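For reference, the structures are reproduced in the following blocks.
Each of the next two complexes has chain A plus one more chain, namely chain B in the first and chain C in the second.
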Partner chain A sequence: MEIREYVVRRLLKLPLLLFLVSVLVFGLSRIGGSPIGIYLEHDMTHEQVVELEERFGLDESLPEQYVAWLGGLFRGDLGFSAVSAAPVATVLPEKLAASLELSVLAAFIAFGLGIGLGTFGGARRDRFADHATRVIAVSGASLPLFWFALLVLILFYLVLGWAPLGRSDPYLYGQIVHPTGLYSVDALLNGHWPAFVDAIRHLWLPALVLGYEGLATITRVMRSSLVDELQEDYVDLARSKGLPERFVIKRHARRNALMPTVTVMGVAFGLLLQGSVVVELIFQWPGLGRWIATAVLRGDQATIMAFVLVAAVIFLLANLAVDVAYAYLDRRVVLGE
Partner chain B sequence: MHALRVRLRRLARLSRAVLRNPSASAGLVVIVLMLLMAVFAPLLVEANTPDPYQMPRDWAAINAPPGTPGHPLGTTPEGGDVLYGIVWGSRLSVRLALTVASITLAVGITLGSLAGSIGGRWDEYIMRVVDVFMSIPELILALAIAGILGPSFRNIILALAVVGWTQYARVIRGEILKVKQKEYVDSARIIGETPLRVYLRNVLPNSLTPIIVIATLDMGKIVLVGATLSFIGLAETGLAEWGNVVSAGQQGVVAGRWWVATFGGAMVFLWALAFNMLGDGLRDVLDPRVEGR
Partner chain C sequence: MMVTTDRRGQGSGSTRRRIPSLLALLMVLALLAAACVGGEAAQSTDGEGDQAAAAGGDEGGGGGDVGTFVHALGGEPTTGVDPAAVSAGSYGDRVVIQVYEFLVDIAPDGPDLLPMLATEVPTQENGLVSEDGLTYTFPIREGITFHDGTDLTADDVKYSWDRVITMDLPEGQAGTLTEIVESTRVVDDLTFEVTLTEPAAWFLTSVVNSVPAAVVSQDAVEENGGVAAGEPNEFMRDNAVGTGPHQLVSWQRNEQMTFERFEDYWGEPAALDARWEVVVDDAATVLGLRGGDFDLVEPVPQFIPEVEGDENIVIDESGFLLEPLHLAFNLRIPEEAMPEGDTIPPDFFHDARVRRAFNYAFDYEAFIQAGLGGQGAPATYLPPALLGYDPDAPKYEQDLAEAERLFREAGWWDEGFTVSVLVEAGNPTFSPVGLILKDSLEALNPNFNVNVVEVAEAQFDEAHAQDPFEYPMWIKNGDPFRDPHQLMFTYFHPDGPWGQTLGYREGYEDPDQIAELIEEAGRSTDVEERERLYGELLRLLHDDPMWIWAADEANVQIYRDEVQDFVYNPLWIMPRWRYYDKG
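Here is the complex of A and B:
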């Protein structure tokens, strides 16, 4: 099957999955208390409560409520976020931008550094450098991210004083205009050097912590598949031709070792998404993660539902991209099944 | 009778192999110590009354550093004893891991078996449900469920049970599809065994091997994710649970009170590390292809 056909078929399956996810998310909101619970006040009259119930369509059947909710989604009405005291659709873009800025850097750390470290360790099997990278690789699966983040905070904030909390210096932040919502990009667009330095100063540490779990996963897979590749015959052939070892690893073995690594990138994306909740909470980063963390404590259903939907869409698209990349890299894959 | 003896002998051989694997046995030692701590918690630290799963509050010694008389590991901002939270927290971790693992195993094996054995339309339905659950990162779905149900440790258990069964269903289904092709399954069918009997005696027992490894790793992950949820604040305030202890110490970290968060989180790390080491060791023993990695 052609790659294009495979991609089209995966794209056609996407709406069905998204529809089922929306049913699941809607179902979630009906397992808890009443969706209007969070808006109720003690001094409301009976009429006001009835009016609220009608606005949420609670007098209708569940399928009708679902259709009304879905219709709202398509009109850009994601409900009212009680924790932000504003419509979800208004708050979402700026939170998304803040999280995106953090996650993009974290993804570069996880994927770029992970492939580099895995290659570095795998090429020096059982030497000291290998053992050192394996500590990172193995600890990633067991380290509670919230604990790791707090330990890093103790070291870099408390002891060394190298990293500030939050996302920006409010004064510098107010100095520039924000066309994209990504603070570091906006600072560059404004040509405002101090603001850019401020952005990076706030960004690097939470991004490093957020990227760590993904980094560990990628490093582990990259290392072990490079070790496997280096035992293959074609590597011996390349070496016996007199090619320098660096060339053998870079041009021959690493290329093939990348295949299994690509397959776990979807997993790494999931780790980034869920890790953002804890990392943003601890580093006081004003993104989606911290938003949802406050929302779950108050049972703010509109915010929770919007977040789960956004996370599912990002995760599905990321996994689709990973599968397509894999199919493209490895033409031997029999696409479709 | 003979089959039983063969199985027992195989089990003995496997356990010897596991014990020879250094990382697996190290993990096992830590796990046994944790279990002993959970069982003998009342002997180590006297139970709080009326609720032993609430940390006792010593309002005369809030934010006490480690080494304070009566509070060897210090106290939280509410005067909760950190050592108490760690010792009695092991009980809640054992309860969390065992409850969630047994529910998800039962549901996952049942649905995965249905999908793999019956196939056809049922397979399609069950696997679509699995797909939907897997379209949302596990922690996020669990967070949403626990958040909507309201903050309590019971709801954390419930949320993790709802989310965790899909991996078992997928793996069991795949194994059953493989095992069904085997000749001994055909022969059992040919001599006239009922499908249920073939499934219970021939198919299921031979499909369980990868599940053992996954379930071991999962025991670590369940506590990791559960502690994350209670760190975010989804357990009862003052609960003697590791993630909750870290949560109580989170604010203090910035003010220099490092001990509450550090000790609480270290227990979660140790627990997860121990089960990961045991699980990786089991995988090496059960699947010789990946040995030596």
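Here is the complex of A and C:
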């Protein structure tokens, strides 16, 4: 099957999967009882509770509530976020954009740098460069993220003053229009250099910290699979043809070593979503992760449900991307049946 | 085959791939350069507000020319900023008092009232309160404009009050008005009159100066959805159109709210613009404060050891908050709903000896040290800032011998019991109350077991709205009442909100006596008489306790030393930005 046809088929299956996810999300959210609690104050009377249940449609039967919620999804109504006093659908795009901006850069760092470092170390097996890469890999995988983030912030924010907190200088942020919601991209689209500088100044450190864990995982896998590949016969053949070592690695071994790495990338992307909660909390990054942390701690079901749906879509797309990457890397992989 | 595939890949790929790598390298360099340039810019100025002024002052966007006071808080208004929709003691309350104003307000340095939108504070002496204490007349100040440019008249005041009463939102505080207001009337353009259902000594401090009595622009509301019973107004949820020295400019959810000085403010203008930073993580709060991004933070006792010794940070301790931490006894537990494992009978707390024994067993000192970081003091039932506070009123101290004697007398010492207490998870000051009670009781007698049940806020509030309430005990902090009457009525009156839910009539030795004393003290306009009555109540309630009042939490404020003229009156609910400046 052609890659394009395969992608289209997979995308067509997406709504069905999302429907199943929606049933699951709704069901799970109601296992703990009615979501009314978050809209209540501690001293409300029973009548006041009933009034709020009516306002938020929580007085109806569960199937009716599900249909109403699903209908809302199609109309772009994701319910009312009680932690932010706004419709979820109004806040979500802003938060998603902020998180995407951070995660995409973190993913570039993790994937790009990880593959590079892994190749660098694997090709210099057991030499100093290899040991150095392994230090990075092991530390990235073993340092608890919240602790690492705090240490980094103390150094770069408090001591050196190289990185600020948050996502933007509110004044500069207010100076430009935001067609995409990605601050750095919007700043470029506006041709506003100070805003772009501001965006990058805020972005680089949290992205680096967020990408670090994924970077470590990918470096490790890339290194060991390259070491394995380099012992294969085809590598010997290439070498015996007189190809310089760097061509042997770059053009032969690396490509094959990428296969297991790509599998890990799917997982690493999940790590990014997970890590974004911690990094956003500590760096004051106003994204989805921080918002969801607030919602979970306080029990705001509408917000949590919307987040799970978005996360499911992201995961489904990431998995699709991994499958497509397999096919691209190894033409022997048969997509579909 | 393999090799061929590879070659095909290489042939066209080697140049194709080099370009993206080059681009990537260039981008990285650009980013680094940007980061360095930005870093220098940041270091050369003090705060982000100043930096903004330097970067874009010429574009004249309001607020570029003055500094910004940055206040970091742990959340944001959860029902919006409409005075009709915010809950008592919530973050919404705290925005309302910055952007809206009241007829009278509390002065920075004490319990005295200042005339604000009214030109005088009504008293019987100046003739603005009727002989029978039922009618209050407010002369309205001339020449006040709202943030939308319209002028303030008595119509706006009446409209604001009536609006809250008509909407009567469950999340709002309409009850504060309806409890006592019989009617409102516009006498003329600049005179507003209120008639009460009964004389109330606490009307000015606790009603006129309460959040639902904030004055909103009638035109702004009418142009944006008007008033509907039981329905929140979306415009007013997201926007504020008041007369205050700051106006709300933007609100990015879960991030920040920005406020600018109101240019046409009628009184002394604010010195600085202001920003409310939502900071969810405690570590980030401390970092931001130490790094100079935040000027003032919401004080959490656990921060203090982290910032102590930082010469740029001031820890200001003056007086006590209005929100004593307390643990409630439920005298009306439905038997079928007793938490699993609890062995107490539903009438366990009917016995005053048991309630007193709990009070004697609790380790107050440990709570103040561990739960409040030393920033607190043993409490009486009235916080020190309130009328009627008496430093000599009886307070409970841990007395294990007395607790043992009372438990023996009540017949629980040998048999023992297991009892649950409900507490909101993640609150740095609530859970220690439960844990210390557990520790105190279980150390006293191994037959005593206390289960501390921690649940998310949503579940806690849901449990709280139950009637009857399904836990034997729960922990919370008090609502910030500004007059002892509301506090006494809410927490101790046998027919008050908690008295009914928790069944105080089953427990008080003489419920009618307590009810009468509370009502009499609320009606009286004679301050000394009120003080005497509250003194008597404090003694009666001590011997027949319905709560463990764990401690009065000290009013600790933590701010940067650049902040000048810092002043905070606990009766305000929250610091008022209008008074602060920065050097």
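FYI, the second predicted complex is superposed on the first by the 296 of 337 C-alpha atoms of A that agree within 3 Å, B and C clash if a C-alpha of one lies under 4 Å from a C-alpha of the other, contacts with A are read in each partner's own complex, and residues count from 1 in each chain.
Just so we're on the same page, a contact is a pair of C-beta atoms (placed from the backbone, for glycine too) under 8 Å apart; a residue touches a chain by one contact, two chains touch by 3 or more.
None of the values given here were measured: they were computed from a predicted structure.
Applying the stated clash criterion after superposition on chain A shows that chain B and chain C collide.
Of the two partner chains placed by the overlay, neither chain B nor chain C lies in contact with A:117. With both structures placed on the common chain, the touch criterion links A:165 to chain B and to chain C. Chain A is touched at more residues by one of its partners, and among chain B and chain C that partner is C. Of the two partner chains, neither chain B nor chain C is touched by A:107. Of the two partner chains placed by superposition, A:322 touches none, neither chain B nor chain C.
Applying the stated contact rule after C-alpha superposition, one finds that A:44 touches chain C and leaves chain B untouched. In the superposition on chain A, contact is made by A:157 with both chain B and chain C.
By the touch criterion stated above, A:24 is placed in contact with chain B alone, chain C being left untouched. In the superposition on chain A, contact of A:282 is made with both chain B and chain C. Of the two partner chains placed around the shared chain by superposition, chain B and chain C are both touched by A:293. With the complexes overlaid on chain A C-alpha atoms, the stretch of chain C that clashes with chain B is 368-376, out of 170-178, 368-376, 458-466 or 476-484.
Residues common to the contacts of chain A with chain B and with chain C across the two structures: 32-33, 146, 150, 153-154, 157-158, 165, 281-282, 293, 297, 299, 301. Residue ranges on chain C touching chain A, taken from their complex, read 2-3, 5-6, 9-10, 14, 24, 31, 34-39, 41-43, 48-49, 51-53, 55-56, 59, 61, 63-64, 75-80, 87-88, 90, 92, 170-171, 230, 237-238, 250, 252-256, 258, 275, 277-281, 283-284, 287-288, 290-291, 293, 425-426, 456-462, 464-467, 476, 479, 490, 497.
By the touch criterion given at the top, residues 16-17, 20-21, 24-25, 28-29, 31-33, 138-139, 141-147, 150-151, 153-154, 157-158, 165, 224, 227, 270-271, 273-274, 277-278, 281-282, 292-293, 295-297, 299, 301, 304-305, 307-308, 311-312, 315-316 of chain A touch chain B in their complex. Residues 128-129, 131-133, 135-141, 143-151, 220, 224, 227-228, 231-234, 243, 246, 250, 253-254, 256, 258, 261-262, 264-266, 268-269, 272-273, 276, 293 of chain B are the ones touching chain A in the complex. Chain contact summary for the complex, chain A toward chain C: residues 32-49, 51-52, 55, 81-86, 90-91, 94-95, 112, 146, 150, 153-154, 157-158, 161-167, 169-172, 174-175, 194, 196-198, 200-201, 204, 234, 251-252, 255, 281-284, 286, 290-291, 293-294, 297-301, 331.
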